[in-house]
């Protein structure tokens, strides 16, 4: 009996909305970075649950909007967010602490994190691949520029690895455990309190948590964190979650790409620039009323401006 | 083929945690008040999902706490609330507007309400049963005292009914619909905007919504709204939800009754009063340090104080 | 000694950021609708508090962005919302209950509402002005169309007034008070519980609350509620609050108008339409890939499309 | 002209409620741990603002409750939390990253954190004092037991210091800066992206943020984090904040100590135990219905049980 047959036996019957494409990957870790993963643990609702909730709101008013997909597009375009809050997903995520620190800034979610006060962290830390070791960007104060050449990047990787290892060695010493096996080292003494020892670990150590969020807030997270300005190490998590989103709620996914993550917000001044240009008025960077940065950004999207 | 057989066919297979006792009542309206109801629409998680989330947090630290029920009690007692946030429930509720106004003060929930800007409200309003028509309480500024005698209460009920009916009559006139059938009355004219006409309805008209909340916040709601100080008309909803809670997460339900809704918070001064009394010191209302109200409340719980 | 001199004496000295233009209107009711008002009760922070908070985040990284206004524009444009959460405002608002029901859907705010369980509501209800009595819009399911002619609107206004008055008459009877003076009517009997009697009032009765919100969430509220799709009766509150915003944080106000309330979000498909059009490609409604509604909306902004 | 005179000149006049005891310490850092601090940056409201908000809710119903302190006690005892949400405080806090990770789990607050993607962290890390280096508690899975003897604790402190220093040395190398002066080291090369280099720092490095929270949520934070089960390194921050609370809202502070932080929640079972004991019934650990842990805890509070 293979693995899939066993899973089949574990299934229960339910009257709740069920999404086959998501059931296929339920509980299965999707690898991210060198030791991280995302696992879907549970979900509530599907595309039709959003339509159902919207129809409670609009009652007979939505009768004519016969197609669900059209209604979902309408809701997304007009930022009618409450129906999207009617779906919920729960993920198990393993991620480096410096990524967790960004992630947790999204407050409208539920989190159960592994506690290093109670338990001992494993010897697992993130080391970037060589092609991710980049210079500080000159133009973007928070971004990466060119990749280092091989020799230089190896030196950086060695530093990261050696420091993480030495810190763990001392962490294990403090806890009085063998750093490989986790066994007690010296039976004659106790370990230092775990809540103290943990401060010796570097920010690339992995932590893990259960993370539960509604669909509206998930999309807000994904819009920000799949953006090319987001740090690579959180963006790769967002990208895997986009694939999960597509499996879970395919109509919402399409609407999200068109109206949210792939959209562009024109400022009042930029509206005027395009309006004038379409009316045949010549607009230059100087007389556009836009800042240099805004002009360049608009030009990036509309090169024939 | 009877109804239950049909439902059986509608079931899907899922790997998600499934609660049979809750599946039994899924989608079925539970009546509340004269026209209201609660229906469970969806749920995520069960008792074991809480244990599972807690074990992510405490890791190896919970190994010894072998019994799930013990762990749930421990979490509830010590207000370790995050594992309870890992379960979620979605209800469809029909309720009078004045009840909805109290309900919505619980902000940590998702709501999709029927919109009377888009759609027309049905002619359904709440009329209390005669035994609920009470005088203003003298002692409790926000409560009810004695029940009115039959003749007086009938007069009140007639007023409520007549005013609600007359208001709907004019609401329907404004909308240009027949108040019984909802058909257009006069084809030669339009109705007044629904968003305007609705203001003529009284606060006992029924509205409805989808309401989604996590288990931790649900229990907070239930603690406040099943309390005997809560208004009767919201308390009856809370009581039905307690029954739902018991079906859904029986271990959590027991812990909730013991450590939360059935518990009593002793102030620092009250701790000293009981401490002294157990040490054989005589404590009187006057020298207790408690306000008269606090003393009476404590005496209500411990008559032999 | 005039009123302004008295107020001057009431002033305290503080090291906190203080905004003179807002102090001028502090505590003074700004009238809205027929009996409503908004009063600023307290505030925390000003334009410079946002800059200060942003500089904590970006540290030396913001050194070059020497102008505060530029930084505020940058934060607004890129939806870096956390610095805007560092300002807070507290308002006292009197508003019809049906408006309050929309308002309270904004959950990220603190509210203390007048309780009709504890206290008696005054005889104050909202009656629209005649030029606000409109037919249901044909095109917009939730909006207003043409204004009724004089005779028809008077009939509606009479209905609203008479129903509100009769409901209050019975409310007062139930409470055993004189509806004009609020004095006890009949000393020989008690009133019905206030929590019951209130259900007989119509949704245009006024309630009031203290409402406290941070600047980021205030702007979200204002964007939605000052929009021309918002119901007139809440929009007039939003418009008064925009004036308050302008007094309080003038740089933020300008950025809000340009990048948020006056902006337009182009979907991915709409970006392509404009891109092609600027490249000289002819785009028609049919081959645009936009829905009819979206095409018309885009055409409304860019008539020369 | 001394410092206080200068500050006096900086003061503005305001009609807002002002708290002199808090103005005295405004902007002044209160030291915590070896390099941390708390500074009050701004505040909104005082004791009377809570009373004022409560009186909006209860209207004439609170007329008789003539004393503000009595009303505040009443609100605190009965968990009427909304009036406490009407006050707000903003703090500037410098704290070790592992403390920040606990702190941020309180989601109902606004945060602007120093960004190590934009800017370079200073060489400042937390080293406990020797009397804080304790063994893992045997009884409490998340706590500290006995303090290590001098020689052993020195060894731990050396490890912590050496690892933090070496990690910073490599952090500075990656960034191409001098670790003491922050000057560029080698003009011929760029530094590695700051968002990458930061992962090499240990969790005891200091970060800082602006943190804004309402009074209700602040007290919830303080109740949990000033508890003796909280980790020492966050508890010392909570203790300083309790002093700030006392200056800011002295009546609320007293009520908080009596009804919240100093209170004890009796479970339903524990109520019965005390009830029986006061009625003269002998109760033993075995027949109490309490778990061993609960019995011991109750016995800790009432030794004569």
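The chains carry the letters A, B, C and D, assigned in the order they are written, with residues numbered from 1 in each.
Everything that follows uses one rule, which is that a contact is a pair of C-beta atoms (placed from the backbone, for glycine too) under 8 Å apart; a residue touches a chain by one contact, two chains touch by 3 or more.
Going by UniProt, the chains are A, B, C, D = Flavin-dependent thymidylate synthase.
For clarity, every value in this text was computed on a predicted model and none was experimentally measured.
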| item | value |
| --- | --- |
| Interface composition of copies subunit B and subunit D: same or different, split at half | same |
| For subunit B placed onto subunit C, the superposition rotation in degrees, Cα atoms, nearest 5 | 180 |
| Chain pair showing more contacts of the two, A-C and C-D | C-D |
| Whole-Å gap between the CA centroids of subunit B and subunit C | 29 |
| Whole-Å gap separating subunit A and subunit C, where each centre is the average of the chain's CA atoms | 33 |
| Averaged-CA centre spacing for the pair subunit D and subunit C, given as whole angstrom | 35 |
| Touching two or more other chains - residue numbers and ranges from subunit C | 58, 61, 82, 105, 111, 115, 118, 141-142 |
| Of subunit D, residues touching subunit B in the complex | 58, 61, 70, 73-74, 77, 79, 82, 105, 141-142, 224, 257-259, 262-269, 271, 274-275, 277-280, 291, 293-294, 301-302, 304-305 |
| Subunit B partner contacts - residues on subunit A that touch it in the complex | 7-8, 10-18, 23, 26-27, 42-45, 49, 52-54, 56-62, 82-83, 85-86, 88, 90, 92, 110-115, 118-120, 208-210, 212, 214 |
| Of all residues in subunit A, those that touch subunit D in their complex | 96-98, 100-101, 104-105, 107-108, 111, 115, 117-118, 126, 128, 132-138, 141-145, 148, 156, 159-160, 163-164, 166-167, 170, 173-175, 190-196, 198-204, 231 |
